[in-house]
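Note that chain A is present in both complexes that follow, paired respectively with chain B and with chain C.
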Partner chain A sequence: MAAEGSSSIDALGQFKLTTALGPLGASVNFTQANLMMVVAGAAMLGLLWIGMRPRAMVPGRLQAAAEMCYETVMSMCIEQIGQEGKKFFPLVFTLFFFILFGNLVGVFPYFFTFTSHIAVTLALSLLVFILVTFVALKEHGWHFFSYFVPKGIPVVLTPLLVVIEVISYLSRIISLSVRLFANMMAGHVMLEVFGSFVVMLGGAGFIFLFPAGLSLAVNVVLIGFELLVATLQAYVFAILTCIYLHDAVHLH
Partner chain B sequence: MEKDTGGTGGSFEERLKAARSKQGLDAPPAKPPSGDAGMSPWGIGMRVGIELVSALVVAVAIGYGLDRWFGTKPILTALFVLLGGAAGILNVWRLFAPGRG
Partner chain C sequence: MDLVSAKNIGAGIAVIALAGVGVGIGNIFAALVSSVARNPAARDRVFGLAILGFALTEAVALYALVIAFIILFV
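The block that comes next holds the complex of A and B.
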């Protein structure tokens, strides 16, 4: 094989953190993930700020995009949580677009997907979980704990079912964070693997050019798929936040 | 049709809504309200798997922690594995139950 030297595919190397911004970043451990968070936040703020600058009655393209972002999240909040949902709009909006831009930014070459780190997604889901619990306690006080006691069950089964309900409630932290993390990581690993196929097969000789081209085609399809997953996962994260907030506000 | 009473917001909103629905512009909410946004079988499988496993992970963590605390090494972990499996099934049931709750 011609590509003997690089025949192992290092699919996970892409997730390694390195410091960004030269010696200044290195001295404060400012990694490329942090840089990408700043980029994602700045892109969102830029879209809103530049888009809304004309304040036209009939919006231009960028203003229409900015207004659509606002209205999508606003209607999501009101539909899922109810009229109280307006209070939580800033949180849901920030979460949705931080994750969405984080996911989308990762599709570009030389960019980094910070949502492919479980540390980041776990922090986000812990934020949501703690907030939801706090809201529920604030709204309902001690009555909140009746959430863990299902209605209409025999008294004998209550202790067992309460434990199961508590586990189910706590598992939200894991499921919320792992869903986003696993989807983003899986997508980027697939991209890396097929990208390596292109290079290895392309260098292996004339007869391998066809499979190499096939791998390249797969990669093109995967990029499109990745755009879908990026949007869908950000949407799922935001809507689950809304559903949890609904449960917290209304306790069913 | 109602007369225009000089820019009262309500009547304009109503007429706009009527006009939009006549043109079919107000599409009914395309996404179902719950999180499983009309996904592929792969997506559904992924979600179910994550719900099952996450409940199990939390349960095993709790069981192991309690075991360490009380010094009853394998008993509580084994018990919580079963409870975690049940909680996972409950999560999946919540995901697909008609009229979530």
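The block that comes next holds the complex of A and C.
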């Protein structure tokens, strides 16, 4: 990095929120993140609606995709939670596809990844956490608090372990939200950094064209990696929600 | 030492955590290879579990990376 001089990389500028949809959007603080949420929701609803319209016995391509979405999440719910999992299916399905489409629209140029904001992911994980606690209290009443007392331990250790269990229960909020946020943010910062390398090295002279091309190749590979991470993190979020719900319904 | 170089050194120190993550991801895939070698029929089920473990371990690396970014850019 010899020739870029004093210019530094503004890696976090891409996450700045601006208002969308002109003066009307500005008057109600409708940001581009909100716009992307609408786009993600509309894309999912559109896939389901258009895909399921033929209601064919032998599904076409779109209908097969829509059915596969349904079956994947349904089998995830039943495998992780058990037969009670069916009543949590709408929640898990919505969470999974909201996050999945939010992550995926971020890979397109000029689009915005709303899951790269901790405010969004923290709201989602708080929703999951409060719901899980509510379900556990409703199913088990006061007996729920025995969840924090592990069985078969010496009496002396009990206070310490209860504190640890409570902390690990509460830290679910942070781990669930920061995992998604960090994955999306780090991926996009890396794309930005290597993109800046291409511009800086490409303008620096003939000798630097090879490293510039190398950075471009790295960026292409990173886009593919981002697709993997986007799917994987949505899956991880949904499956952890299922695991927490399993704990809430069965208490260990 | 001025603030900028201290920040750069701090960001470098923050990503030492990646050593542990490297060990963890290596462990996961070593276990995946050996379990698939013992029972090739279980490949599909074990692979999903390995990918889940990989994603959870990789998240730890990204926590360190986020701290480094916060030191550098915020």
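Criterion: the second predicted complex is superposed on the first by the 246 of 252 C-alpha atoms of A that agree within 3 Å, B and C clash if a C-alpha of one lies under 4 Å from a C-alpha of the other, contacts with A are read in each partner's own complex, and residues count from 1 in each chain.
Convention: contacts are C-beta pairs under 8 Å (C-beta built on N, C-alpha and C of every residue); 3 or more make two chains touch, one makes a residue touch a chain.
None of these values were measured; they are calculated from a predicted model.
When both complexes are overlaid on chain A, the residue A:157 reaches neither chain B nor chain C. In the superposed model, A:217 makes contact with neither chain B nor chain C.
Contact with chain B, but none with chain C, is seen for A:170 once the two complexes are overlaid on the shared chain.
Applying the stated contact rule after C-alpha superposition, one finds that A:189 touches chain C and leaves chain B untouched.
In the overlay built on the shared chain, the residue A:119 is in contact with neither chain B nor chain C. In the superposed pair of complexes, A:79 makes contact with chain B only, with no contact to chain C. In the superposition on chain A, the chain among chain B and chain C reaching more residues of chain A is B. Judged by the touch definition given at the top, the superposed model places A:11 against chain C, while chain B stays out of reach. Chain A residues in contact with chain B (one complex) as well as with chain C (other complex) are 175, 178-179, 182-183, 232, 235-236, 239. On the chain C side of its complex with chain A, the touching residues are 51-52, 55-56, 58-59, 62-63, 65-66, 69, 73-74. By the touch rule above, chain A contacts chain B in their complex via residues 79-80, 160, 163-165, 167-168, 170-175, 178-179, 182-183, 232, 235-236, 239-240, 243, 252. For chain A in complex with chain C, the touching residues are 11-12, 175, 178-179, 181-183, 185-186, 189, 232-233, 235-236, 239. Chain B makes touch with chain A in their complex at residues 29, 31, 33-35, 37, 39, 43, 46-47, 50-51, 53-55, 57-59, 62, 80, 83-84, 86-88, 90-91, 94, 101.
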